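Consider the two complexes below, in which chain A is the common component and chain B and chain C are the respective partners.
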Partner chain A sequence: MNAVTRALRSEGGKGLIMVSPPLVYALLLLAAPLATIVLFSFWTQNFLDIDRTFTIANYAEALSDPLYRELMLRSLRISASVTAVTVILAFPVAYFISFHVAPERKSLWLFLITIPFWTSYLIRVFLWRVILAFDGPVNGSLMGLGIIDEPLTFILYNANAVIITLAHAFAPFAILPIFVSLEKIDRSLLEAARDLGESRTMTFLRVTLPLAMPGVLAAVLIVSIPTVGDYVTPRLVGGSGGTMIANMIYAQIFDLNDRPMGATLAVLAMAIVAMTLLWLIARIRFWLWLAEGRGVWIALAAGLAEILAIRAIFTLGPGILGTPGTVLGLLAIATLGSVLIFLRVPKGRAGI
Partner chain B sequence: MRDTSDTGRPQAIVTLQDVEKYYGEYHALRGISAEIRQGEFFSLLGPSGCGKTTLLRAIAGFEDISSGTIRLDGRDMEGVAPNRRPTNLVFQSYAIFPHLTVSQNVGFGLRKAKMSPEDKRRAVGEALEMVGLGDFGARAAHALSGGQRQRVALARALILKPRVLLLDEPLSALDKKMRQVMQVELIKLQREVGITFILVTHDQEEALVMSDRIAVMFEGGIAQLDDPETLYRRPASRRVAEFIGMMNFLPAQVTGTGPERIEAEVAGLGRVTLDAGQCPGEARPGAAAVGLRPESLTILFDSGVAHDREVRGTVAEVTYYGDMTYYDIALDGAPDTVSVSARNMPGRRVLERGETTALAWDPRALSLFC
Partner chain C sequence: MKAGPLTLFALLYLLVLYAPIMLLPIFAFNDGTVIAFPLRGFTTEWFGLLLETPALHQATRNSLVIAVSVAVLATCLGLFAARAATRYRFPAKTGILAFIMLPLVLPEVIVAISLLVVLMQLGLDSGNWSIIAGHTLLCIPFSIAILQGSFSNMDQSLEEAAIDLGETPLSTFRLVTLPLVAPGIVASLLICFTISLDEFIIAFFLSGNAPTLPVYLWGQLRFPARLPMVMALGTILVVLSIALLVIAETFRRRGLRRAGLKDSGGFL
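After this line comes the complex of A and B, so read on.
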């Protein structure tokens, strides 16, 4: 018996054998393409062939070109809007199914919610294009009712259309995790809150909502991450005002034949999404911690101040964000802050 | 413990009058009427599914009743929401808020209290001290043992100084030792705070140990409402007698009835004369049953002593408990064996199966069920 077979027969070795098929699969399908993308981002396109000398010129260009910056920010904005709309609309639906539908009917309701998935994503997006069109049913009925005189133009071929379509497409993904977290709430906790003197509203705010937060957070992540990089919806209903970063990545790789630039944008988009979410979760934890320790008003003030500061940075625009150095510097500061919060502030209630 | 009003009668704090509850077709509460007095420790005792929880939740305001009235402090509770009733409920599952600390749980109901934050903190500290959890305030609620959760639930309810504290099987999740400790602590606590407690339990021993008065419930109705001793000594029906403690039943034939005395022929015991008070309800001639507790038969280990009421029997089974031994004894002339308990004392031997022994009995310990 040699060393290799001995190692494979040990506990750890057995575990390794067991996970190896999916591990190999994951490596081949996820890690390898990802590594290729990262590799490409450091190369340069020379007409038809690739110049394989290492360079960070792509990153410098991507970070300083205002077009890329605008597309990236717009993607984040659209994703944030979609997430907000989806989660805010999903919560009452999940709440209704969990609290007001008879137990034996719940699976039927969940089943109904997944019905939109029965048709292809592409067809659903096309349908929205028809619904929101210049001569579509929305405009038709609003004009028929005399509410508007001319067809609404702000609902198709712009960012709003992208938000409406994506919010519809992702609704089940938001409803399900929120529903699960609501289902897990022990109903006697709600009665206990009532018994201790709280009204229905306060019971909701003090018990139901905090206990549903893990589900809400899961919904936020599930909706926000894929929508940043969505490509089909902006292409079909977004027009020029609704174009997002993924469309640019596509254009670079397939239309402009600049694969290294496309790869660079992809890597940057990934990094920025990761950092933004990290930042968001860290801030929520920080604000909750502040609210508990110093009071709700201080926490609200701190949150507002931070949001205003970020707005100021973006509206002051090119002056501050002009060079790759400052962009990277700001990102680094934000990420460092997030990591510090994760290390120093204990995990609070609601599991965040 | 009981408050008495000017009239000298204990004051009722909860009045139940002909309370009926239907779940659809199912008749869960049947004509419940009772008065629960200020400051007493009251128990609702009954087998599983008899409607104890339903009645408790109706008092707390979580179940609407179909008819009848529930008064708290003289005020009709019809349409009054749970958060507006002067009651607090300790849930069977304790219902501790998992996202809050122990202190936040205990202080949950104080949000609207007109107190400064320091006073609130002090009140929470005192409440935790009272249930013996003084150092646990900062602990996350999910990191507590069953007994500790139960104490938190108690502190959380008592801090609001309710007029009536409702407890739904608060001890059933604890092991036997812990349960006995908590029984004593609950009694002490109740005396200390002077709040009326209504306890739901299906454990007759627990009810006997803790309560001032007990309502025994079967199938949604109250079968008997009395203090523990009366309940044990003078059960109102054969069913109550079987439910509270252990009781042996011997077939009997009532031969004569009068306003004061009842004559009966009891299998195994012979001819007996009973007080009219020993028969709940109407005594009529004919077949009946006589009940007697295991401790009402005395095994005559020293057969030298002569008793005027003596029977003989054969030991059929021996169950040894340490402090007590329970014998199943076939009395001469009785169809079934009866259970007899004997305290194990120094120098007293434990009988063996198959032995015959003499037993003494006292007619005052008998109950007659017609």
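After this line comes the complex of A and C, so read on.
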């Protein structure tokens, strides 16, 4: 028996053979296409054919054109708001199901929460347009109750409408991971904390919340990444003020027939989201570490200082370095900082 | 269950979650062409109109062909991954599985344009087969999540006993493993079918000139006069999705009972 067959007969080999059909499928239909759009982003469109000389012109344009920058920032802002709203509203519900619902009823609750998610996305988004409309039920009932005199106009065809609709669509995605991490908490820890004299609130803050953090983090990731690239919601309820980067990617590919630019925007959007999330996770770990070692105020001051510094570079930088230079520099420094934090600062109590 | 502010919040949350799909049938049966309150009276006219729209029937046929193929393909591939994940330790296991699960978090637009660019570059025509390929990629993670539950609940010694009693690995799989994970397989088939039937973005980018049901729906949303019909169609789709889900959930629970385990959560 030679080395190859022996390797294939081992447990690792058998496992690899077993996993290979889906793996090969994902490599062919996910990794290869993703690599292709990265390649495309370095080419340019010449009327009908594609110029295959390597260039970073697309990136320079994407980072310096104010329209692209505005769309990218807006997508990030909307995604951040959606994530915040979804996670904050989902936590109490997940907590309720995990701690207050009888064990045999839990799966019924989870099933009820996931059902709307499985029904047609298109239809749900469209119905939000009906609900939020000028003559829709929200305005109708608010006017009927005499709370407002005129229909609210800030709830449809703008970024707010996109946030409401997306927060609704991604609700189960936030509830499930938080629920799972809450379920894993050993209930005797909570009893111990109460027995040792902690109040109900402090037990929640010092035991339950830190132990639920991995679930919250999973919820943040699973909501924020897909929402940055949403296409349907901005188109249906966003109006012109709620257009996001995915709509621009679509326009580049289908309307303007500039596939390399579309690819560039897609790659940039993904890279920026990945780096922003990396930044966020690294900083949370750093701030928590500071708060434990040096006190909460030092940690808050450090966080505030970094955010203000980033803000200052972002507003002042373009005048000195040019926009592409500023953005790339900022991303590079922030990511380098994140990597350093991951290497040097140990995982905290919250599991982040 | 204690009634308190938390219970109230959860119930309110559930109500808001269901608000859009509860409005759907109201407008589908409303005798007015404008999708707004006040309602005008009861009619089934819009459902009748669905029967008289050939383009819709073509789109439905397309969607069904795609959804059935996706359900079968994704569940087969999911079976391999779920079994590998629960039975074997192998190099780079976490990385490989995370990579296969990646479509779960990746924005669909990214998946769709990368597939489209590759298709265009290879000079291939997009059509049902390309949508099937894209949807399968999207459904594999869900299939794995469901099947992993079935496999990890199964008692491994049953398989070992079959092997000891002289069955081949293949016949063990057919006679022992398959019946035990069958409820999971049915649940996975149904879920993948539902996802594919409702998926819009990938179908929109790759459909060419043969739209699927959601792509057809999207086209109709531009015409205000067609909206009541869209509502009727939406009602049917939602009812169908919910029916499929209830069946899938029943099978999943039956699988858990067969494995002698207590239920600990829903899908995912």
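The definition used in the following text is that the second predicted complex is superposed on the first by the 323 of 352 C-alpha atoms of A that agree within 3 Å, B and C clash if a C-alpha of one lies under 4 Å from a C-alpha of the other, contacts with A are read in each partner's own complex, and residues count from 1 in each chain.
Following the convention adopted for this analysis, a contact is a pair of C-beta atoms (placed from the backbone, for glycine too) under 8 Å apart; a residue touches a chain by one contact, two chains touch by 3 or more.
Fair warning: this is a prediction, and the values are worked out from it, not measured in the lab.
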- Task: Give one of first, second, both or neither to describe whether A:Tyr25 is in contact with chain B, with chain C, with both, or with none.
- Result: second
- Touched partner set for A:Tyr95, first chain B, second chain C, both or neither: second
- Query: If you stack the two complexes on chain A, which partner ends up touching A:Glu11: first (chain B), second (chain C), both, or neither?
  - Reply: second
- Query: After superposition on the shared chain, which partner residues are touched by A:Tyr121: those of chain B (first), chain C (second), both, or neither?
  - Reply: second
- Task: Check whether chain B or chain C contacts more residues of chain A in the superposed model.
- Result: C
- Query: Taking the superposition as given, does A:Leu211 touch the first partner, chain B, the second, chain C, both, or neither?
  - Reply: first
- Which partner does A:Ser240 reach: the first (chain B), the second (chain C), both, or neither? neither
- Query: So, A:Ala193: does it touch chain B (first), chain C (second), both, or neither?
  - Reply: first
- Query: Which of the two partners, first being chain B and second being chain C, lies in contact with A:Thr201: first, second, both, or neither?
  - Reply: neither
- Touching chain B in the complex: which residues of chain A? 186, 188-189, 191-199, 202, 206-207, 210-211, 349-350
- Residues on chain C engaged by chain A in the complex (per definition of touch): 1-2, 4, 6-7, 9-10, 13-14, 16-21, 23-24, 27, 35-37, 76-78, 80-81, 83-85, 87-91, 93, 96-97, 99-100, 102-111, 113-118, 120-121, 133-134, 136-137, 140, 144, 191, 194-195, 198, 200-201, 214, 217-218, 221, 230, 234, 237-238, 241-242, 245, 249, 253, 262-268
- Item | Residue ranges of chain A in contact with chain C within the complex | 11-16, 18-23, 25-26, 29-34, 36-37, 40, 89, 92-93, 95-97, 100-107, 109-116, 118-124, 126-128, 130-131, 133, 135-137, 140, 168, 171, 176, 179-180, 183, 221-222, 225-226, 228-232, 236, 246, 249-250, 253, 259, 262-263, 266, 269-270
- Across the complex, what residues on chain B touch chain A? 60, 62, 81-83, 87-89, 91, 93, 95, 97-100, 108-109, 111-112, 156-157, 160
